[in-house]
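Structures follow.
Look at the two complexes coming up: chain A is in both, with chain B in one and chain C in the other.
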Partner chain A sequence: MSSRATIYSFLGIGLAATLLLIVAPVAYAISLSFYRMDSFVGTPQWAGLDNYARVLSDWTFWRALINGFVYSLGTIVLQVVLGIGFALVLNQVFPFRNIVRGLSILPYLLPTVVVVLTFKWMVDGSIGVLTAVIAALGLPPVSWFESPAAAMTSVILVSVWMWTPFVTTTFLAALQTVPASLYEAAKVDGTNAVQRFFHITLPMLKPILTVIVLLRAVWMFNKFDVIWLLTQGGPVGATEHLAILSYKTAFSLFDIGGGAAIATISFLILSVAVFIYFRLFPLDTD
Partner chain B sequence: MSSALAPRSLASRLGLYAAAIVISVYSAFPIYWMVISSVRPPQELISSTALVPGAVTWEYYWNLLELTDYPAQFLNSVIVAAVTVAVTMVLSVMIAYAVTRHRVPGKKLIVGAMLYAYMFPPLLIAIPMFTVFARMGLGDTLLSVIVSHLTLTLPLGVWFLWGFFKSMPFELEEAAMVDGCTRLGAFLRVVLPLSLPGLITVAIFSFLLSWTDYTFALIMIGSDANKTVPVGLASMIGSFDLRWGEIMAGSTLIALPLFGAFALLSQYFIQGLGAGAVKG
Partner chain C sequence: MAQVTLNKVRKAYGSVVAVHGVDLHIQDGEFVVFLGPSGCGKSTTLRMIAGLEEITSGTIEIGARDVTRLEPKDRNIAMVFQNYALYPHKTIYENLAFGLRMRKMERTEIDRRVKAASAMLGLDPYLERKPKQLSGGQMQRVALGRALVREPEVFLLDEPLSNLDAKLRVRMREEIARLHQEVGTSMVYVTHDQVEAMTLADRIVIMRDGHVQQVGRPLEVYDRPQNLFVAGFIGAPEMNLVEGRAEGGRFAAGGLALDLPPGVSAREGTALVVGVRPEHMPAGQAPGALALEVSVIEQLGAQTLLIGRIGATRMRVLVERTDAVRPGSVVPVSLRPERLHVFDAGTGMRIESGNAQAGARPAA
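Take a look at the complex of A and B:
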């Protein structure tokens, strides 16, 4: 086989896989959003923009949109702050450092379902270990999922626990790239650790931090499993965001066109973030 | 940071140790609690929150393996993850190699689509996929789960190996080709062995994505017999009574392969995270 034939057959397979697995589902999802369909095997009927009109005129859509922003913003801020804090600690020298570094990654490896089940077990009303700790501290019992604000807070806390290690690990790796001489020079000038962090570390790591925040923002906005498993969007829709609304619309109400329309709208919102990403980090294919 | 090497005061050293302990407990305690709860005898489980159990029992594990669909579901998860990893590796190596080694049309489309797909809302893929599989009469099959997992793992593989191949000098294969190797031969004998670390990273992260996935398996699978472990385990919590011992035993068993892999291959995990091979 000639060199060109090898490359082109690789490329052909690649293009086919991309079209089949990535492009076709998205194109099909978008086209479904223009049809009325009340069963997955039924015949779709052209509906024009009806699905969009219906979805956008329903206040639950706007509530879901706001919930999604609250959830993403809350989780990102906490993850980034906590992750940077952890990375700064793990970058110091202390005994058993590698073990502590390893432990700090573990939450990220766990399946969401394991995290959620363990959390539910730990906060169980009668025998949960966190419930016991809270009682031992003399604090009033916490109802983690009963009020809308509590449910949103719980969902955010569990998500932060799971995904902070991503920030910790990436930021820790980036810290090694800051030249030590910068810190030496600043030390000679009589700066303290806080000043060095804000005037050297943060400015040097701004590009990587931008990537982290952008990627995390997109992923948190898209998260479905953790919220679904913890609250199913409840109580009374307090943690229902676009992914859950789309799931319920398509798979519980069997309004498949409506579910596809919500997914398409999330896709458009997220495309703004992707667009910003490509502007900041142009694709270098040469 | 060299400041860490400088002599520091006792107070700041103690502060550092305290912070390290807080990080360890915060990260590992829930996992420890999960494992411990899975071996605590029933009487103790509902009455005691002692840090170390008084006695150890394996009964939850036996119940799980003998009385539930857990073993079948575990096997489903293994099949799904194994096929997903294998297909991801083959396809992503070919795609990434083609786009880094040749000026070809469609290259930007592939790499751009892959990066974009990395960030798709799950329902944007799940709704059309479920529709297509239902219409083909292939709803509720492991095949549908595998195909949906590929939409997560393939972008990851291509994106990661693309970066990996870009940094590998062309001269290596050119030398082999001058020596009479064909392009395919050079690829198989020179490029592939050298990309082993990259391939391992892709395999690890594809496995992680497929093994831990809940969303796609929830949507694609309806019957208990075809569920993967995450979905099967989640449905235990809605059932007649909450059997926390069994639930924690089941959770420990899904987490175990991941921790084992991490202990053996932690440097690949960390490299992969740094180079953008990430899950959710």
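Take a look at the complex of A and C:
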């Protein structure tokens, strides 16, 4: 086979896979948003932008959008701040460091269902360990899934618990790439530990941090399983974001066109956000 | 400017001792070079002076202050690192100014010092660039500049030229010598390159396995190496070292019998090592000349290195350039007693004229 044929055949396989597995489903989902459909078996009827008009004029959409921002912002900020903090601690020299490093990634390895069940068990009204701790501290009991604020706090807490190890591990790996002599030069230059973090660590790791924040943002904005398993968007929509709303609209209310329209809008918002993000924080820092 | 005093400075990593009790007094304005092979403890010693390594025992004083337990930033030192250690995300100007900014110096004073250093080192065209956009030589100049603006009491330089190519190294060597003359601050310089040490140093500290072997002016360590290690380490090509014994007041080894230098004597039968530098064996017929059977010829340009045997003893001889010698040629070379360095083979120490006789029993 000539090298040109090799190139095209490899390219062709990749292209076909992309078309079949990514472009086609997305195009299909987007196309659904222009039809009126109340089941997957009936004949779809052309609806133009009706679905969009209907969805956008519904206040539950806007509530879900705001919930989505609150959830992603809360989880990203906490994950990144805690993740970096843990990474800095794990980067120090202490006994059994490798074991502790290994253990710290554990939550990330657990299936979401396990993490969610564990959390539910911990906050159980009668036998939960958190419930007991709160009672022991003399604080009023928290209704984790009944009050809107507490429910949002729960989903954020569980998400942070699960995915902070990703930030920690990535940041810890990146920390190993900073030459020790830079810190030494900065020590001689008269910096304290905090100044070294802001003048050396953070600027050196800005490219990796940019990617971490982006990945976490995309994943958290689309995150479905944790919220679905914990609250299903409740109570009364307090934790319902666009992914949950889209699912409920399509599969509970059998408004498939409406659900597809919500998913499409969510996709557009994310695309624009990513575009702006790369404009603000170009990966090539020079 | 200040003196630096090391009192029994020792560094151990667990049971491994990297530096065994170094005592050293560095004069105000002196240029001292730590020289030795890798792993000899020279960098560790420098880093202990900087405060980047904790000291296991002993004390370090800079000026009148005991700095043993002080942080690097409180020692009033500046350091130049082997890999430059410039802050890659800061411009050259910011790199130079950083240490001053961290010390809350006034902006106008920072600017004055940065401009002065940059003029001195020819960095003016690069001040707004990032380190990545500079060549190795320019980066090393920035690293020197960063130390310079601090106007410290002592400059510490850790193999600053070893990342540069040979030609640039020579240029930067001259530049460092010039800088030292201009600012007159004490400098402590670590290298494994004896040419750097010989050309830059006021005094050389030769180290091996964490022990100081000899401290002396460059020509002093060349002329009178205190032990076998220094003898073999200083000088290129390496000194010829011949093992033998004292016999009838002379040195005998494998059919070779040499007079000992005036004033040097050794007890009959003592195991000795005699050293002679290749450049100290002139070729040509002379009374008492020895016959060198040449096996390898290395042309160095202005000089020719002849490698061969005198009797059973392997010798290297450095002579004026000659094109006539071939492998197998026999060349007469002279070996004058006063050119010989005599060492006690047991202790490895130099036997000086006027010294106690080698092999003598200690007085009861």
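Note that the second predicted complex is superposed on the first by the 262 of 286 C-alpha atoms of A that agree within 3 Å, B and C clash if a C-alpha of one lies under 4 Å from a C-alpha of the other, contacts with A are read in each partner's own complex, and residues count from 1 in each chain.
What we mean here is this: contacts are C-beta pairs under 8 Å (C-beta built on N, C-alpha and C of every residue); 3 or more make two chains touch, one makes a residue touch a chain.
This structure is a prediction, so every number in the text was calculated from the model and none was measured.
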Fit-or-clash call for chain B and chain C when the two complexes are aligned on chain A: fit
Apex chain A: angle to the C-alpha centres of chain B and chain C, given in degrees as a multiple of 10: 80
Contacts of A:Val129 with chain B and chain C, given as first, second, both or neither: first
First, second, both or neither for A:Ser266, with chain B first and chain C second: first
Touching partner for A:His199 - first (chain B), second (chain C), both, neither: second
Which superposed partner A:Lys187 touches (first chain B, second chain C, both, neither): both
Greater residue coverage of chain A in the superposed arrangement, chain B or chain C: B
Touching partner for A:Leu106 - first (chain B), second (chain C), both, neither: first
Touching partner for A:Val274 - first (chain B), second (chain C), both, neither: first
First, second, both or neither for A:Val81, with chain B first and chain C second: neither
Lowest inter-chain C-alpha distance for chain C and chain B in the superposed arrangement, angstrom: 6
Chain B/chain C common contact set on chain A: 184, 187, 285
List of chain C residues in touch with chain A within their complex: 50-52, 71-73, 77-79, 81-83, 85-89, 98-99, 102-103, 130, 132, 146
Touching residues (chain side chain A, partner chain C) in the complex: 179, 181-182, 184-191, 195, 199-200, 203-204, 206, 285-286
Residues on chain B engaged by chain A in the complex (per definition of touch): 1-5, 13, 16-17, 19-20, 23-24, 26-28, 30-31, 33-34, 37, 45-47, 49, 91, 94-95, 97-99, 101-102, 104, 106-117, 119-132, 134-135, 139, 147, 150-151, 154-155, 158, 177, 182-184, 187, 208, 211-215, 218-219, 230-231, 233-234, 237, 244, 247-248, 251, 254-255, 258-259, 262, 266, 269-270, 273-274, 278-280
Residues of chain A touching chain B in the complex: 1-3, 6-8, 10-11, 13-15, 17-18, 21-26, 28-29, 32, 40-41, 86, 89-94, 96-97, 99-100, 102-122, 124, 126-127, 129, 132, 161, 163, 165-166, 169-170, 173, 175, 178, 180, 183-184, 187, 193, 196, 215, 218-219, 221-225, 228-229, 242-243, 246-247, 250-251, 256, 259-260, 262-264, 266-267, 270, 273-274, 278, 283, 285
